[in-house]
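We call the chains A, B and C, going by the order they appear; numbering starts again at 1 in every chain.
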Amino acid sequence: MAAAARAALPRPYLPLPFSSRSSPSLSFTPSSTARLRAATSAAAAPHPQLVTTRLGDVIEAQQFDRDALNEIFEVAREMEAVERGSHGAPSRVLQGYLMATLFYEPSTRTRLSFEAAMRRLGGEVLTTENAREFSSAAKGETLEDTIRTVEGYSDIIVLRHFESGAARRAADTADIPVINAGDGPGQHPTQALLDVYTIKREIGTLDGIKLGLVGDLANGRTVRSLAYLIAKYQNIKIYFVSPDVVKMKDDIKDYLNSQGVEWEESSDLLEVASKCDVIYQTRIQKERFGERIDLYEAARGKYIVDKKVLDVLPKHAVIMHPLPRLDEITVDVDSDPRAAYFRQAKNGLYIRMALLKLLLVGH
Amino acid sequence: MAAAARAALPRPYLPLPFSSRSSPSLSFTPSSTARLRAATSAAAAPHPQLVTTRLGDVIEAQQFDRDALNEIFEVAREMEAVERGSHGAPSRVLQGYLMATLFYEPSTRTRLSFEAAMRRLGGEVLTTENAREFSSAAKGETLEDTIRTVEGYSDIIVLRHFESGAARRAADTADIPVINAGDGPGQHPTQALLDVYTIKREIGTLDGIKLGLVGDLANGRTVRSLAYLIAKYQNIKIYFVSPDVVKMKDDIKDYLNSQGVEWEESSDLLEVASKCDVIYQTRIQKERFGERIDLYEAARGKYIVDKKVLDVLPKHAVIMHPLPRLDEITVDVDSDPRAAYFRQAKNGLYIRMALLKLLLVGH
Amino acid sequence: MAAAARAALPRPYLPLPFSSRSSPSLSFTPSSTARLRAATSAAAAPHPQLVTTRLGDVIEAQQFDRDALNEIFEVAREMEAVERGSHGAPSRVLQGYLMATLFYEPSTRTRLSFEAAMRRLGGEVLTTENAREFSSAAKGETLEDTIRTVEGYSDIIVLRHFESGAARRAADTADIPVINAGDGPGQHPTQALLDVYTIKREIGTLDGIKLGLVGDLANGRTVRSLAYLIAKYQNIKIYFVSPDVVKMKDDIKDYLNSQGVEWEESSDLLEVASKCDVIYQTRIQKERFGERIDLYEAARGKYIVDKKVLDVLPKHAVIMHPLPRLDEITVDVDSDPRAAYFRQAKNGLYIRMALLKLLLVGH
């Protein structure tokens, strides 16, 4: 959202990270559902006094402080009830709002979850599955000019782009909110939010958890963003388990040190699994290895989450994965209740519903 | 729909083919429209007692017995009034429901008719025009994993896939209904349903009809599925009229014999046309002939439906075609009232509306 | 719309260009908003007496006379209030209507603006981003057959095609309205309408304006259509400013002469800018120059709209551009209030809302 637009907002604009709310953070109890229903019907008719905070844009995971995360997670939790109620009496929270999904590279999973989120809240969608033809590559138009046109047709833009920093440029141009749905090797903040939300939802807390990050820790923006976000909580312990060629890079280790987060590297997945609350497995990405197929094959087979991992994993712990998975988690793990990765994907819907609601009509 | 999901259904799950209804099959009279309106407004508010039967999935034409077909056709007939009433007071039967069209190969005609069907009933749509990037081909994800993700974002999945059997695998995985919109050389059950519905709608009956199947009988899954379905009715007579290189295969002939359906082969289209209620023409598919363009050219010109066919065709009879057509029906036939192929395409809308209603909220 | 369909219209069909309305043309005053709200709620329930005129199809810019243009512009102006009111109480003017965007070549900008227009009026959309697979090129089906199928699934077709004349053929086939969203080198009438509407909206009048057309005047269908339309007004003066290789062609000059429109050619952009109400800049299209990159480079740098143009441009004047732009308008012009090109793009939304309303439910 451009500075001029922020200035024009009818009530005090709260810069990111947005300020803590005056009421205490709500716990995830059944009563929040009842509050939600009230808030939902109120939002259908405009009750501006309910809009206590207003996100500007969602550009990078680091923009959120703990209070902001708490508010997003609280609204995401409420969204579960909104989704469950869709069939009988669908939500009208975002009725009359139009979201443009401007995807310069295809990402069906991310696009569908944003579009489902908008529709579950009663909003409408303009889809662009492959906007490259719209871009400088095709006719030479700048991203900024494209944004200025599309913002005339919609109320919020969800941007997927192949260039790092594109989301920030779009947000600086637009007078409407922009959500970064992944900009190249840069950020994918809604993935990071749904990861942290899943840990909270599955384990019940974020402070004090022990987290094993497994697989490609060098290239995956997922685990890097997760490390940034989890560092905002207390008494975190992180174990890095990865083949040597794709070890976690020093910038993250330095950041964790600066935040006082304990971490260690290990080559023993079973031992790590026996101590963790969360095992976060990732895919070894073949395309990162170029012609060194031998290195890729060696790396991908090294740390597999299988029945042996389940045998040592604590009863309360969970296994996560950003998906898609190949064989780094064996399919016989799927039926174990601790396999949380499809619930994690579903949480992407709730997080995106929460963000759309917060960005467009506030809490 | 996975077995676990079936077990969780709130009322007795009726396995496919679904059981006969206790009330007698409704005839297609104007009064059914009035009943429909009542049912329609009732469905907007949840009245579970109206849900008498519930389809699980739609995977193959053979899964339906006569009672099931009758119920589907009855609801399809009601859908004509629902569609006509769209502008004044659009249907809310599927309000708050979300359909994902997961198309691993493009098929604009089929996709548009499903999406129109959902929208005419007040439902919403998530579109994936080319989901191959989502598939094993692109990143190595299995169809099962994709289905587990997409079912988290939607209430029903319409799957088009390039592999025979894909729809069954998807249905075995999903906890929500799956409709097969064509899986490679396998099945395309909604096409078969709309074909049989069109015969009933145009001729008024299915028992006792004489049907001429013309063109490519070897490769077209359309005519093969139609032969399977029509065999469920009494006193059927089928004529096969095709170039030698694309004759009907023995498996279908054996099946018809086992069901006591009379059939014969003929090389005289005019003679067949003079005796039939329905002439079902199909396209000779060039791609089936490889480099033998000479054979293709000979085959495609052999049996053309033109004015000469109209001259001998009974007044009450109709000409059908699954579309697209090239020149196997000449355009001067289009203006004859017996040219039913565009009405047939339109019936695809009603059949798909009926299936969506039956799968999601029941009759 | 096919002749048979026109004959079946419930009230007198007014052939294009549609006749003048009996009431005087409404001026663009705030009170029109109040009238609009009344009309809007009335249109939700069917009040046929409000339908005073009914467009059949939108095929080419020349089909509209001044009265028709006035009515379209009046409704477009009303659409600004409809759009502003979307969030609180979205319009239901086109509720239950279904628009098919049948695009045989991609044009994201045009498609999104049509789809936004439909949605802002409460209507629904079937999207085909690349319908070529649907076309004769792919399976040999004629455009006419495709139209006959798609019209069964929708209430209006927006067609983008690569062949000149395709929109007329579609309209002659369909029983529902067709809007031409560009047919190859032929017409793009909604662009021409939004251009003229922008002049009226920005300058306040169309009679008596001085218009500078700059850039590629030989190949751009935009400036050619604009010249045709603006010739319908009084006391127009047009200046052509273009590199020699892309000069305005004689057919347009002859047409302007026949209509008594004054025009002259100039090679002095600054002098022209100092006298004009509107400078309409266009992009020099590289693809028109084939291998003569040298000619392209010479042409594209010749007439740039920059700060020097702003210095001499009258205070009340505006700069327009159909977009996308490369560097023929420098970005430092964007912040000048006379830079109207993004407002012009937005006007495309209002014009398309107006056309959809007029075609589907009348004024």
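Methods note: contacts are C-beta pairs under 8 Å (C-beta built on N, C-alpha and C of every residue); 3 or more make two chains touch, one makes a residue touch a chain.
These figures come from a predicted structure and were not determined experimentally.
Taking shared numbers over all numbers used, the subunit B to subunit C interface scores under half, which places it in the different class. Fitting subunit A to subunit C on C-alpha positions gives a rotation angle of 120 degrees, to the nearest 5.
Rounded to whole angstrom units, the spacing between the C-alpha centres of subunit B and subunit C is 40. Annotation for subunit B: residues 127, 129 touch two or more other chains.
Against subunit A, in their complex, subunit B makes its touches with residues 45-46, 95-98, 100, 124, 126-131, 133-134, 139-141, 145-146, 148-150, 152-155. The residues of subunit C lying in touch with subunit A in their complex are 86-90, 106, 108-109, 112-113, 115-116, 119-120, 127, 129, 323-326, 342, 345-346, 349.
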